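Each structure below appears as structure tokens.
Next come two complexes, and both contain chain A; in the first it sits with chain B, in the second with chain C.
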Partner chain A sequence: MTSVLIDSVNVRFGDFEALRNISLNIDSGTFVTLLGPSGCGKTTLLKTIAGFTPLSSGKMLIGGKETHNLPPEKRDTAMCFQSYALFPHLSVANNLLFGPKQKKLSKQDQATRLQDIASQVSLTSQLDKFPPELSGGQQQRVALGRALAIQPGIMLFDEPLSNLDAKLRDSVRFEIRQLQKQQGFTAIYVTHDQAEALAMSDIVVVMNKGAIEQIGSPNDIYHRPINRFVADFVGAANILPAQVLEQHGNLYRVQTALGQLQVQSDQAPIAKQTYIFWRPEDMCFDGANASPNGQDNIFESRIIAKTFLGNITECLLDPLPHSHDDANTTLACDKKPSIRIQNLGFQRAEEGEQVLIRVPSSNIRFLAEAF
Partner chain B sequence: MNKQTLLAYCLLLPGLGLIIVFIFVIISMALAQSVGYFNFSGSSTFTWQFWQQILADHQLSRAFFYSLKIATISAILSVSFAYPLALWLRDPFRGSQFVSSLLKAPLLVHGLVAAFLYVNFISFNGFLNQIFVHLGLVSRPIRMQNDSYGIGVIILQVWKQMPFALLLLTGAVQSIGHDITDAAKDLGAGAWTRFVKIILPLTLKALQAALIIIFIGAAGDYSFQIVAGPIDVSSLAQLMLRIQANDANGWNLSATVAILLMLTALIGSALLALITQQVIKWGAKR
Partner chain C sequence: MNKPCTNRLITLLVIGFCCISLVLPFSLAMLWSLVDPGHPWSYPHILPPVLSLQRWVDIWTTTSLPQALLHSYLLAPCVALCSVLLALPTAYAFGRLEFPGKQAAQLISLLPLIVPSFVVALFFSSLLNVLGIYSRFLGILIGQTVLFIPYAIRILSVSFSLIRQEIIDATRDLGGGPITVFKTAYLPVLKPGLLASIIMIFILSIEEFAIAFVVGSPDFVTVPTILYSYLGYNFIRSNAAVVSLILVVPNIFLMLLMERFLKARNTAVITGKG
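Let's look at the complex of A and B:
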């Protein structure tokens, strides 16, 4: 098992800064996901760890060893490429054995390794086939098996499931996680799919514009994002600028473009003018059933659009003016936002209908970002 | 046959028809002449006489082995020199377009001109000898022109044909995704292993095409041979033309040499391509 320490790493391509001051400590045996939009630098960071992209500055230690000038073939890493990068002229067996042959394993060890890996990735009956004769899922397994065959301390995955259909993606995702747990290797996984990141990882690293925005467990990243980017990128979010008006214990009254809202938070806002957010599933249509403690926020809204997604129904709401608010105290800087709401099952209310919605104050959180 | 199909055939006919007719006419004419038909100087009847006469001529065996040597060495050297250049030019860099164009410049120079310039360069009083003497490497000019090993012809063949191999191999090398070579690197393969196990097998078709085309061209060479080749041995093409001009049965005898030349080019290039394929496959699996 191998750890990775990345300290103040910068990577530049000419004038373009692909990675800016990246510092990350990955413990042995953890499953870390680099999550971010296209062009955020996650693949560059992965390729830097693999040794394909040189550092412009900073340092990197793999298994406690400095990696400066260490070529990819000398590192304790193996990579699963987005394109699979299978050798099309070699059979599945020879693809799987490519690494062990480079490591000069004996013929007997090679045969044993081939059997083990082929059974682990369920390719025993496909060993004589060539990559173009395999389905996408089988090719993905060959890529995985080929990387596993050298028994690396660190497995690097560059969006390995992006070419698979949704159903297959779910099953391969599960298999990768199972293999990682069984074999205990450190996994660094790149994806732009937040659901994949949340489902697979011990730690999620959210990246944007070449820098790390937040590092945390999937639960932290989803429920306690530190800024608007993370809140919005990881799942859907309703984000509003808010001015803190008063505080009673852990209950805050804030002024927003929707009017005055109550926020129950153990974490104090970082400034008087900050952002609040809540998830679409943290609000519901039963506005008439407000809690008796008076800490729920109730809105009257019109349904602009409604989408039935099977297990949930998502609606886009246009909040109507809040009758209790003083119009002068509404934040003038922000136009009235649309609100997303997700409720389990089918929602009977139709588009254009006015509904009462409820957001418990405990479901609204402050972002650690001021405006 | 509908109108569209008919139109497609009509469009193909000028090119395809010309090729098929000419190949058929030329090959069948040469075959017929080699066994006594279309005899311009005697009776046109079937005979093995011309084959017996030409196969007994020791000049033919010398010309055959000489042409085989020149073609094989030229083809192998051309692709061997072209590979590193193709790999170097795989990724664009500042000035790579210029370098690439410069390397392909020999394609624009006619073979006879190239041979003349080469002979001029290495002649007894040529530039190269003058430099050698000036630098004190030799006390007096040395004879390099028309060397008896055919080195001059090989140099010219490689100079002229290597850009062609480069053209084919650059395209093939560029079509290999970086992920493939990165994957090999990641799995522990060094530069030589990556070349032998990944790049060579994946560019095999282009390599074979280059070898075949260069081999055929060099086996049938006349212009380089006549200007820069050895005086004491002929190439097959040179022998074919000399026999046609000097012998009473010249057309029939040279038709026999022409058939042998075509067979040499065909079988030789196919063998070269086959051997290359087997060697590369063996290397990739090791």
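Let's look at the complex of A and C:
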């Protein structure tokens, strides 16, 4: 329905640079998540798209139209606020109809629109109540319905689920995604919750300190992060500085604080001294029965802490010095890294125990960041 | 002490306080105003010997009280309206904007409250002569407006600060222009403040003496100037009682009205956050 083009946008508040050189192309009908820690500028970016915050420089097109001097009320956007921002003095029905009334819809169209929206967000029985009489989840649905009622080309979500409890969050998350697929609007969704971002989006935009770190599909962002920030912010990660020693085809031998490791990568490292990373679930305890092709990394570790979370067991490992390690210890940092491992189900290993850990070389990746 | 007992004690204390501070003076004023001119109420009579409405009739027919009432009740709404209208921009700035020197400006805007109104009145009357404003009504109107603006500013800047930015944003986001924004985001929150300041200044203006006396006397009378003429050295307690009752009773109704409006509207201000 509506695409957004953001071209080298900067936003400054006095001396503070809230957004630095943001360029982003959002295709119509996609679900885009702006993900980042608090204060990274994701909400500011959302507000510039809505028209509440003026650009300091750069340009922005919504649906091919230059947005300069276009006030929020004239933009094809509707926002779902974090605090819901419902009109407390208006009934649920009047809240939902607020947008259509501004658009001067006929009485009959308003009535049908109200019925449609109320059933979509399952509020048909609450229409006569006032916002303060509703539960948090219901208020959230009024906010969603109120924005949907103007049938915008772009829906903007500002952490809409942060005031809901965990169970409700999961179901509303699913509902929003379903609605977006049905109606086909473009969605721009701000969150600091990486699970939410991965679960809902077509495209995830990871932001940090007012700039974009990486744009990609959830799979890309999770499995092929470009730097330490993205790797660490999206999910848990084991990140080690590594020095590339030699290369055989797509197999690299690197020196790390854990000793020498093998990395199987189609992408060449960007420098001799770079970072490698792998996810906690990409390694396992079964070091003893490693595959015979010799491409697995095996090292001995002591378990410092163990947490059983039901579906997985998470352990914090203290890697033990490699027995047949060469004396090349330039990278054996003064601080030995601790490693996180997550395996499915209940794991028998106990705290204090020494175990053999296996990391398949194809599970380790280079980050596009040198040191 | 158990809870019901404490509650009862507090209730009794409150009732006792009300009796001493409100009911007693009022009923005494009532009694004094009904004392018959021919039969004075003096020691050893516990109650006035003869009750009549003669004092009320006398005052109504012999003094310029009807005219004073007209003046007072014409002045008060004008003063209230002018003060509130003039206070709105300042209150908006105090409540919704950030600017250097805001604290100092807020303090200065309250200064007129601490200057005795007679001091203001004396200098103000000569200022009016210099400015060439000879209309008594206009003079008192300007003087009282100056005197009461701080109240309006104080009340309305609190109201303005209670307006939530997201509600304004949401209104605009859903397609509302400036007028809709004012009606949806501003007015519901401002309404109690507007009513409170209008009623409060109305009451203050009706009771104001200094400026009305200094600027208005001798030919422009208001209810307080008549009341004060019965105090001082030609003090007649019964007549003063009549005038003070005329002065005070409408104000009590206005006060009750204000209470009601404030209570009815407050829910809309506080709630609405999930």
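Rule of thumb we're sticking to: the second predicted complex is superposed on the first by the 365 of 371 C-alpha atoms of A that agree within 3 Å, B and C clash if a C-alpha of one lies under 4 Å from a C-alpha of the other, contacts with A are read in each partner's own complex, and residues count from 1 in each chain.
By our rule, a contact is a pair of C-beta atoms (placed from the backbone, for glycine too) under 8 Å apart; a residue touches a chain by one contact, two chains touch by 3 or more.
All figures in this text were calculated on a predicted structure; none of them were measured in a lab.
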Combined model on chain A: chain C and chain B, fit or clash: clash
Which of chain B and chain C A:139 touches, first, second, both or neither: second
Contacts of A:85 with chain B and chain C, given as first, second, both or neither: both
Touching partner for A:72 - first (chain B), second (chain C), both, neither: both
Partner chain(s) touched by A:163 [first = chain B, second = chain C, both, neither]: second
Touched partner set for A:131, first chain B, second chain C, both or neither: second
Chain B versus chain C as contact partner of A:102, first or second or both or neither: both
Partner chain in contact with A:94 - chain B first, chain C second, else both or neither: first
Chain B versus chain C as contact partner of A:356, first or second or both or neither: neither
Overlap of chain C and chain B interfaces on chain A (superposed complexes): 50, 52, 71-73, 77-79, 81, 83, 85-89, 98-99, 102-103, 146-147, 150
Residues on chain C engaged by chain A in the complex (per definition of touch): 164, 166-167, 169-177, 180, 184, 188, 267-268, 271-274
Residues on chain B engaged by chain A in the complex (per definition of touch): 177, 179-180, 182-190, 193, 197-198, 201-202, 204, 284-286
Complex interface listing, chain A residues touching chain B: 50, 52, 71-73, 77-79, 81-83, 85-90, 94, 98-99, 101-103, 146-147, 150
Residue ranges of chain A touching chain C (in the complex, touch as defined): 50-52, 71-73, 77-79, 81, 83-89, 98-99, 102-103, 131-132, 136, 139-140, 146-147, 150, 163
